[in-house]
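A, B, C and D label the chains in the order they appear, each numbered from 1.
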Amino acid sequence: MNTNLALLLLLAPFLGFLFNIFFGKKIGKSASGIIGTLTVVVSFVATLVFLLQINETKEAIQIELFNWIQISNFRVNFGFLLDQLSILWLLFVTGIGSLIHLYSISYMHDDENMHKFFAYLNLFIFFMIALVIASNLLVLFIGWEGVGLCSYLLIGFWHKNQEYNDAAKKAFIMNRIGDLGLLIGIFIIGSLFSTLDYTTLKTAIATSSNLDITMLSVAAFALFIGACGKSAQIPLYTWLPDAMAGPTPVSALIHAATMVTAGIFMVTRLNFVFDLAPEVQNIIAIVGAVTSLVAATIALVQTDIKKVLAYSTVSQLGLMFLALGFGAYEIAVFHVITHAFFKACLFLGSGSVIHALHGEQDMRKMGGLKKVMGITFITFLLSSLAISGIPPFSGFFSKDEILMTAFHNNIALWVIASLASLMTAFYMFRLLYLTFFKEFRGTEHQKNHLHESPALITFPLIVLAILATIGGLISLPTNSWLSGYLAPLFSKEVHEAHHFGTTEYTLMAVAVLGGLIGITIAFVKYIKQNQVPAEDAEITGFAKVLYNKYYVDEIYDAIFVNSVNGLSRFFRDYVETALSAAVFGLGKVTNELSYQGKKLQTGSIGFYLFVFVLGLCSIVTYLFLAQ
Amino acid sequence: MNVSVLLIILLVGSFATYFAGDKLASKVALLFSLFALGTSIALLNIYNAGENISCFKFWINNPSISYSLTADGLSIIMLLLTIALTPLIIYSSFGNEYKNAKSFYALILFMTFAMSGTFLASDGLLYYIFWELSLIPIYFIALIWGNGDTEERKKAVVKFFIYTLAGSLFMLIAFVYLYQKAGSFLIQDLYKLELSRMEQFWIFWAFFLAYAIKIPIIPFHTWQAKVYQKAPTVGTMLLSGIMLKMGLYSVLRWQLPLTPIAARTYLPILIGLGIAGVIYGSIVALRQKDLKKLLAYSSLAHVGLIAAGAYTLTIDGLRGAVLQMIAHGFVVVGLFFAAEIVYRRYETRTIADMGGIRTQAPKFASMFMILVLASVALPTTFNFVGEFTVLYSLSQINLWFALLGGTTIILGAYYMLKMYQQVMLGETNTKVFADVTSHEGLVLVIIIAVLFFFGLYPRPINELITPCLDQILRTINKIQ
Amino acid sequence: MNTLIAIIGLGILCLILEIFDARKAIIPVVVIGLLAVLGLDISEFNSPNAYYNNMIIVGKFSSAFSALFIILTIFLVSLGHKFYENHQTKISDFIAIKIFLLAGAVTMVSFGNLAMFFLGIEVLSIALYVLASSNRLSIKSNEAGLKYFLMGSFASGIILFGICLIYGAMGSFDVIEISELSRSAELPIWFPIGIVLVFIGMLFKIAAVPFHFWAPDVYEGSPALTTALMSTLAKVVAIATLYKLVKTMNADISPSFQLIIVIISIASMTVGNIMALRQVNVKRMLAFSGISHAGFMLMTLLSTAKSSGTLLYYTSAYALAGIAAFSVILYVCKTKENEDITNFHGLGKNNPLMAAILTASLLSMAGIPIFSGFFAKLFLFNQTIQAGFIALVIVAVTNSIISVGYYFKLILAMYTKEPNEAKIPTPAVIYVVAVISIVLNIALGLFPSFVLDLLG
Amino acid sequence: MTNILNEIGIENYIFLSVILFCIGVFGVLYRRNAIIVFMSIEIMLNAVNLLFVAFSTYHQDAQGQVFVFFSMAVAAAEVAVGLAILVSIYRNLGSIDINNLKNLKG
């Protein structure tokens, strides 16, 4: 029963993919869209069934299908593990997934290759599910690489534009760098514990007496590198902003709600490994905090609506890693969920705006949309409040808990994080004001065609907005359903959230205050003083640095890409030629010898006979000397 | 019924093809290759039933050389690779018109015959004879039906021939020397030898020369790119799909068991060379202007990894190497065929002249994409299984090896996707590009199917090869 | 012995046939006659015997090699049919000379007495002088004749002197006596000198470095058919004789002497191969390849005890390949004034069979498997390594790599260049000879034991 | 006979014929006229013949003298052929200087 249901859950989107690839074009756009959506809904329903099941049994469901890879000291099965974590993850993957599918039916309707789009989306969902329900690291790796592939395909969906293709390629390769780290981690774990299976691994670690902590820490670090790749942390974050080249639903689904959280999922999954490597946890915390700040600063000055959201995503992911770094896994998960709600909502909202403006993404050419696009505006406002951590919206609870944990563990990081969230509030409302308030700054033609998006687009917005608002309920500071639900996963309980004193309240107040400050600054700047961000040319000073993302891409190009290409050119032009010259050289030498040798063959009998006699004499004399 | 039936079929096939005349040649060749495929599968069943399909006859009594073919898991799997790829390769060439087709296809079958022999022979000299025989047909195929400027082609092909021959002749000396010691060329007798360190080192390097040039391991690869580029695609497929596996197979079958001490002593150097090949090949591939040359360098990188795996002397390394050999065999044939498909339409192999194909040929685009992904070892493709196992074995030797070897994951993705982008993506090309014909499609689909099937279920192959590889490892460890 | 008589009888018969003006019949008759003689020879194989108090000693060795010589002669004679069609009047002379040459050859391998040895050499050589210069009107042929004659007679002078010194030391010409004596007491100093002089004279005949200079010029100058004869029959005879000489005269070669052999063989193969690389005239190229092969064959002298089978195998493989190659050359260059490589352009298109045969024979010479050339080399290396000369083998291998260079130059010319004129019709007899010889060559490759074990 | 031999000593015979032989050799090496080269070769052969006779007396054995007949006959045959070649060369070239014969080389 479970097996079949699990297979249904996994394979439904895959069937959707196959169907859309082969027949999508024939059955027409809407049909393929509907089928694509339905398959995901099926998975969602299946997930719900599992959720109910596990709520009563509290028993993780382990399913082993068949033996896949055979290594000397262990074998890897195709297997699923449906426990609290994976089901939770599935819940919002499939849930938000189906909403975004729904949204895309209308959003992508003008695209000739809509069926392909849905095929890819389905494929993505399939791989994401595989990643989540994997029972061992290698099956997780399948999903891990699979979602990377899908993001490649979807970023480069409009493949006629080579810039998009470059972005897609960049995303894939950056992910691959992470994947190498993940692989190394897998190798070490495999050779240390002779298993890649979560459950056996957990018991192995728990029981084993003499753990090689250093190797384990290396493994943990390698795995974290993998997480950095997927979840766009320093130093591998640069692909995510470029990934905005893809259609907006893709950004919402893959690059905000689901795929980018795979890193957090993996770390949470292997919490028992990371718990044993405190140094690595510190690194994670620091990286997370720094990332969140850096990304936030960049987001302050971006003018492309999606870019702002992208950097905000990076920044939020940073916060999640901060939490992971402190071993507060369920808090990170909590923020993942809330973030999924409001960030998806924001992206879809921006999508609807872009839709209304026929592809315009520059905030400087927007404004005053709240009149025409009421629903979009409201949903957008709600989720902006959520992300800025204003109570009682979902973001408030999750972010607040992260900050608290930070405060309890490391004040410095807490300061950084708080700064980041302050900036978050600022740039989100900057975006909100520039987009929806004041007068429209676009072309006349656009102005005349301004319209609220159709229901298919607004419905998901509404749902997500509601979730973004009330999402906090799942883990209220005092009694958290979530931490109770996830408790079986974690070895050591995290108690900070429970005893609730004055410090906590002050922190809460500070956080909220920060959010409000940010909002006010934005209000003063863009409503009162009615500023509009300067044209690219006019940007100067530190703002220019920020606007150009600290020139990180340029630096990477200079250091890595160019050097590799230069090396390649050098090898091709010099080393290769030299090597083959060396081989040909031998032949040339012999030929030359032959050429010289021909001169010996003078044709004169006298000379021939002379050599004859010479040879004769030398042989005879030699024999004499020998005797 | 024993394996020599297979060889007979192929040999007869090659003559039959020649006498069938230019019209029928390709069909006859395909027929015979399929027949051979059927037979080999039948043989596989017999083997799995536990019966003996080896064959042994005395041939020359002094020096004692015997016609002895031994079929164990390793030989059979390599044999199957050869026999399975041949019909694909022949079928893939149906789109082209070859002048004097009868000799062309006859040579292909003859080469298959020779290569199968190499994989089966368990008498050192018989093995060497097949090894050399396989060189002649490819020489003529590349020389006569090759493309590009004749003079350059001649240079490349002759270099290739002399170079490889030079390598293998030293192997011959090694064999003769071993014969002096053992009084027989039979592999089991050679395995029994107790060679001194010194002898082992000499013999090891003699073998290494032969194999390093054939595989090729850097810095002995200089013949490769040019020949792959100049040879007709069919020839390139034979070379990269099967022939270079001969070298790797021989490492497992002959070099390591015969000279274990040397192998252990040089282990770091050899793995280092392999990995250097991976990195070097990938980097050089980045900036190739010619599609076939790019693929040539990519295959240099891949075999580098395989060689590294083989030289780890661990069961994982050997197993991974074999799996990767087969996977690479299929994927590289597929990629070269894709290049050929583009060539058929655009008459060019220069990457710069391509691009914007995907919009015109969605089917081809998707299949090509899958092949590209397989060659960068995306999980669920066969290549991942092999690459993972090899990298794991490397990590067991030293984590750094795994790390450096693992760069293939990154660099491979880089140059392959770059290539794909330049060849397929971008603004719709002005030149029309007809989508794949049914038979081109069939070839690609078969290859893809194989890659995915074994990518998800490599078990049958594992079970076939593992006992034999264990045996080899035992031989290695017993002696040292 | 009967073989020898029969051969001479055949020679006389064909002179008589001319008197009765039955020139047309000569070649068929001779071929049939030679086949008969071959049968006779084989019948003698298992009945070793000595005649005229050890003047002639017929044994396995001699009759096996005589059989090879006879077979080669059959090929050469039948090739003559087309070669001499434009001067039919002299055909009987040419054929007769060839047969007498064969007689000389047989004498050389079956001598039991230095006198017979000397006579054999001279009969062979004088016949060759005539054949070399047989094309009276061409300066090249004359020059070739004279060069060969002068140097040849000089060499035979040396040999004669050597024989004389041996006789002086031993007081006998009988090889068996000599070898017995040589084992026993301490010898006068001139005995080794005598041996060396004879040895050197033979080295000249097989064209080993540094006594090889005549070969390329003579091969190039003399008529193609004669070249064929020289490079196959004459060379094989010479090496066989030298082998027999060394084996019978001093079974145990002194290390210093071995060193000389090693050096000469290395020099021969290296010089031969390297010089051949840049040749444009095919005959000349094959002359140099012949020199290098002489170097290979010399390796057999390092283990005379049991290498006779190997020598027989190597010589037959080499000679058969040579016959095949030359029959193609004859066909291609029949109408040309020279044998330059350009004449072979596009042969692969014009006449695939001929091209294939030439390719096969060249591959055999280069030592590529299943052609007997490979096995010949293999057995040779095997023996030499057994005798402990691994360095020599390595040099030899390196050389066979070089040799591929020029053999393949010819193959490339046939298959990659465009033909410069239309296909010329092939006389059937050439086809027959070429095919038979190459088939024999491959057969030898597939069943080496047949020849290899003849001499146990 | 023998006593003469004993008085003179076999060595001297050997030296004599060796000297003769060498004269012949040098003649062959240094003279350019083909006829004279022939003659030098003849000198070599005759030196050997002399030595044969000497040895045969030394050993009290007739084989040596018989051999001399052989070698004479052979030499005659050789020269006959040689002269024939020479004649045809003279017809073609109008000279018998062996330095003119260098068309075949390289």
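Assume contacts are C-beta pairs under 8 Å (C-beta built on N, C-alpha and C of every residue); 3 or more make two chains touch, one makes a residue touch a chain.
Since the structure is predicted, the reported quantities are computational estimates derived from the model, not experimental observations.
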Joint neighbours of chain B and chain A, given as chain labels: C
Which of A-C and C-D has more C-beta contact pairs: C-D
Chain C-chain D separation of Cα centroids, rounded to whole Å: 27
Inter-centroid spacing, chain C versus chain A (mean Cα positions, whole Å): 79
CA centroid of chain B to CA centroid of chain C, Å: 43
Length of the line joining the C-alpha centres of chain A and chain D, rounded to whole Å: 99
Chain C: positions in contact with at least two other chains: 146-147, 150, 154, 216-217, 405
Junction residues of chain D, two or more chains touched: 28, 98, 101, 103-105
Junction residues of chain A, two or more chains touched: 587, 598, 601, 603, 605, 609
Chains that touch, pairwise: A-B, A-C, A-D, B-C, C-D
For the chain C and chain D complex, residues of the former touching the latter: 115, 118-119, 122, 126, 129-130, 133, 136-137, 139-140, 142-147, 149-150, 153-154, 156-157, 160-161, 163-165, 167-168, 171-173, 190, 216-218, 220-221
Touching residues (chain side chain A, partner chain C) in the complex: 587, 590-591, 593-595, 597-598, 601, 603, 605, 607-609, 611-612, 614-616, 619-620, 622-623, 626-627
Chain B-facing residues of chain C, complex: 348, 352, 363, 368-370, 374, 378-379, 381-382, 385-386, 390, 393-394, 397, 400-401, 404-405, 408, 412, 415-416, 448-449, 452-453
For the chain D and chain C complex, residues of the former touching the latter: 10, 14, 21, 24, 28, 34, 37, 41, 44-45, 47-48, 51-52, 55, 58-59, 61, 63-64, 66-67, 70-71, 74, 77-78, 81-82, 85-86, 88-89, 92-93, 98, 101, 103-105
Residues of chain A defined as touching chain B within the complex: 21, 66-72, 78, 138, 141-142, 145-146, 149, 152, 156, 159-160, 162, 165-166, 169, 172-173, 176-177, 179-180, 183-184, 187-188, 190-191, 218, 564-565, 567-569, 571-572, 576, 579-580, 582-584, 587
